[in-house]
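You will see two complexes here that share chain A, one where it goes with chain B and one where it goes with chain C.
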Partner chain A sequence: MSKLGIFDLSVRYGKVPAINDLSLQVEEGERVFISGPNGAGKSSLLNAISGAVPTSHGRIELDGDMLTGRAPEAIARLGLSMVPEGREIFGSLTVEENLRVGTGLRRDAEAVDSDMEDVFEAFPILRERRSAAAGALSGGQQQMLAIGRALMTNPKLMMVDEPSLGLAPKIVDQVYETLCQLQEERSLTLIIVEQSSLRAARVGGRMILMRGGSVVGEGNAADMVDRDALAQAYFGNPKCKEVNS
Partner chain B sequence: MASKHQENRFAAYSTPIILAAILLALVLLVVAFGDKALARTAAETLIRVTLVVGLWIFVGNSGVISFGHAGYMAVGAYCSAWFTLRPQMKSLFLPDLPGWLLEAQWPVLPAAIAAGLLAAAVALLSGAAILRLSGIAASIATFAFLAIINTVYSNWEGVTGATSSVVGLPRYVDHWVALAWAVTAILAANIYANSASGLALRATREDEVAARASGINMYRHRLLSLVISGFFTGVSGALLGHSIGVLNPDSFYLGITFISLAMLVVGGIGSLSGAVIGVIVLSTVIELLVRAEQGFAIGSAEFALPSGSQEILIGLIMVLVLILRPSGLSAGREFKLRLKLPHKTLANEQIPSNRGEIK
Partner chain C sequence: MTNFAQLFFDAASLGGLYAMAALGIALIFGVMNLVNFAHGEYIAFCVFALIVPSTDAVAVMFLGRAPAVLLVPLILVIGGMIAVASEYAVFRHLRNADPVAMMISSFALGFVIRNVLLATYGGRPKAISLWPELNTPVQIAGASVPLLQVIVILTTLLVVAALAFLLKKTRLGLEMRAAAENFTMARLLGVRANVVITGAFALSGALAAAVALIMATQTGVADVRMGGQIMLVAFIATVIGGLGSLPGAVAAGFLIGGVSVLLQAFLPLEARPFRDAFLYTLVIACLLLRPQGLFVPASAKPRV
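Moving on, here comes the complex of A and B:
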């Protein structure tokens, strides 16, 4: 059974095409990296899936539910959680309030407490600073909080847009380690936008290469790292142009 | 842990107790040492607390500035007047009221609640339209709403008395009644701000996109807060009417809009404590300036500020606060009591761990 299905998806900003007829299947429990140069449409793809930008063509399904045309909050309620690029946390709310924001749509009150415990277990620094304003956290702590907040909605599918953006490599390691561990514990499906193919290879999973709004290559992240597919995606060659047209 | 969470809850719920205690202390001081004029000022201040706290329930949590709340005030004030005026007066001055309303003469408390409910209903209807907009567009729409209400109430001769004032309202609102409503409003505001809906709304104030990605329906929470806000604003209008005994549509227009927003900004829009402190501070300043305009004696010499200096100085204070403390006197913080519960889990929390920690 396919969990997330994207069929002939196109996204346009006015007349500017961001994604052209993209199709993609993501299986349950899978870990998928999306990589590619700037302007490849990676964030647009995530935003289209989460409903933040409208699609101009095609459809997106999650477990047989149509996502296309739904409001972002309705999509979140179907079990899809997104950590937006640039760690958009709620700065003047406390760490604990940030974590509770996403739980308003859950009916299982006890599970919320135990989930918060899990998040604190995964990121102990958040427990320590639970009463602090989220805006006062460091960049890495904010990234952890953003991930923690996404987890608190108890998602089936979690999408993280560039978790490594602006973070020290050591902290990125921690973030990935925790993400992978949480994925195992909760049989979570993960889609991660990651610019560094090296890191994706180290963490492991399927890798999708995007360029010019289309998928130009995919395969095991570990195999992709030294193939010329990468060079093709970033710099283009006649073969790539053929794929594009 | 659970106990830490309880501590935080306790701290959050201690805010209204502290605020109520401050207001009670002020009233007791006025009763003990003040004259009649000061008691009237105290009642007026407490009515403004109800108004500004009502305003804060929407503005403070949603971050959308509303210029329309004086409209809800007018709706509440006239509603309470319709229910409490003597039937003979109504058939004389407000002949176009429906028959059952002409004959109604309710006790003051049900009338005040009816005033709040009508204002809440108007908030629901107007909000359903206005809150489809966001940001500054929504604020401008609230201003348009205020203008509509003012125009209707200034011209609907047989129902509102138009620009000739409605007189003869029972003047039952003293500082005790006003205190009771102010404390009720503070309690409601605190409970709402700490509810799931209040939290969701504060999240949308910070970041609309991230809030929606967390499954928050911004429109619904904004509308709910506007309805609650409209209720207490409507009640404050009723209280104002029953405190001065006279109603005129222009008492619920630009003047009160400006002063209530000024109080919110000076006190600090980010917190309930700020809303209350703003009212107390600005009301005190206004009272002092009014007395200064009337003239005071130092020794044998009489001093008086030129009339109109009150408005100028209030404006000056607002500018100063905006420059020196842009997020208001409270800077977004609340008064809180810290309760220290014994920590069963303290040892657990102190276990050092490398995972997820930033050195």
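Moving on, here comes the complex of A and C:
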């Protein structure tokens, strides 16, 4: 049984289709990149999995448990955590409060402090600013906070939507390094939306290409870079975002 | 000097009452973007819970006969319960509805509660006497102040401090603040929507009950309309304070209380009957100058 199974999933916003009959399996401990042009439905897919948007058809299973139709807070309790597009940190809360919001669902309360320590270890700047209002952090720091906050729920499956968006390449390197390290330490399954196939190839993992709400290609990220030239012919330059930042 | 102290106590106690009513509205608005116009009816409901249900002109005390140590917690619980029950019966089914639809259904709910009260207790205001000894004046700073005013001021401070503690230092408070800022994100982190919303309604109802006890003691009347009047002022306070901002609601409650006491004291005698017209003119001026609320930075999102 896969860690995450998606079967014939469709998502619509009113009449606008965002995902069309998409099927996808993710194995335990795997690292999966999702790439594709703007509007391909990448964020919609993540939001449907986490319960933030309703599905209109199909089903999603985590460890064989049906997620479809469950409330987001119930899905989070099954061990799924998300870093959404745009980070969505709680700006009026302090950094430490942001990290604590997601600990209410945990049964291992005694491990919360040591996990907080791990997050501070990974992102020392967060320790430094733990009592500051999160809204006062820079974009990169907010991204670190969003990742740390997602980790504090002690997830088994973590989904990160465009961690590199708006960040300097050096910070992106650091974020990925930390993500990979944490994945190893915690036997996490990771799903990452990443526009840059080059970046995905360097980090390593499986790559899913989406377009128009469907999966249009998949393979080892390293192999996919070569096909990127082809993809660019369809999608424009997916590295633009990174070059801009 | 005496006069000044007198004015201060009048203003602070009236402001405290408004602040507590406004807090009840701001709490709910903060977590679910609902302006709950039934809040005034929660207040009336709690006042009538003090007396025996009957349409007779003379009120017979019912719960109101209990000693204060029992009565206060009991009424607070009743207030919390009617608020939670109304969430369960009405607002829960409208979670994803348009804010306007929710607001209108809160009007409808208010009408239902009001008419149930009318049918049970009759329409005429009834004289009740709850803790009449609290209206005896005491001498403070050279002013002669009803003991109740002092109690109201202290109660308000206590309520504000307790609420601040709850929001800043407890798990529920953290979840409420997170949910007020971004409900979906809070839920993605496992915050239970039902817990947060039920908590907010329970607190809001308890605040309504506190207001009810104070109004019943102060006015000595049980009137179905009393909730509607204070609801109007409280609603204005939450708007002036910045909808959803709790500190703003408290500050604006005190501000409105203070201004109306000052107008009452210093308007020329012939203009005094129009005090409220002056008050609301000031309110309009406030809203024209700072539509986002007086106590909210121009860029801030509503927060608890």
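Note that the second predicted complex is superposed on the first by the 227 of 245 C-alpha atoms of A that agree within 3 Å, B and C clash if a C-alpha of one lies under 4 Å from a C-alpha of the other, contacts with A are read in each partner's own complex, and residues count from 1 in each chain.
One rule holds for everything that comes next: a residue touches a chain if its C-beta (ideal position, glycine included) is under 8 Å from a C-beta of that chain, and two chains touch if they have at least 3 such contacts.
Worth saying up front: this structure is predicted, and the values here are computed from it rather than measured.
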Fit-or-clash call for chain B and chain C when the two complexes are aligned on chain A: clash
Partner chain in contact with A:R77 - chain B first, chain C second, else both or neither: both
Residue contacts with chain A in the superposition, chain B compared against chain C: B
Which superposed partner A:G91 touches (first chain B, second chain C, both, neither): both
Contacts of A:Q25 with chain B and chain C, given as first, second, both or neither: neither
First (chain B), second (chain C), both or neither touched by A:A52: both
Partner chain in contact with A:R149 - chain B first, chain C second, else both or neither: both
Which superposed partner A:V101 touches (first chain B, second chain C, both, neither): both
Region of chain B that runs into chain C when the structures are aligned on their shared chain, from 2-10, 20-28 or 92-100: 92-100
Intersection of chain A interface sets (partners chain B, chain C): 50-52, 71-73, 76-77, 81-82, 84, 88, 90-93, 97, 100-102, 104-105, 149-150, 153
Footprint of chain A on chain C - complex, ascending: 171, 174-175, 177-178, 181-182, 184-193, 300-301, 303
Chain B-touching residues of chain A, taken from the complex the two chains share: 50-52, 71-73, 76-77, 81-82, 84, 88-93, 96-98, 100-105, 113, 122-128, 130-131, 138, 140-141, 144, 149-150, 153, 171, 174, 177-178
Complex contact set, residues of chain B against chain A: 2, 4-5, 8, 196-197, 199-200, 202-203, 206-207, 209-218, 270, 332, 349, 351, 353, 355-358
Chain C partner contacts - residues on chain A that touch it in the complex: 50-52, 71-73, 76-77, 81-82, 84, 88, 90-93, 97, 100-102, 104-105, 149-150, 153
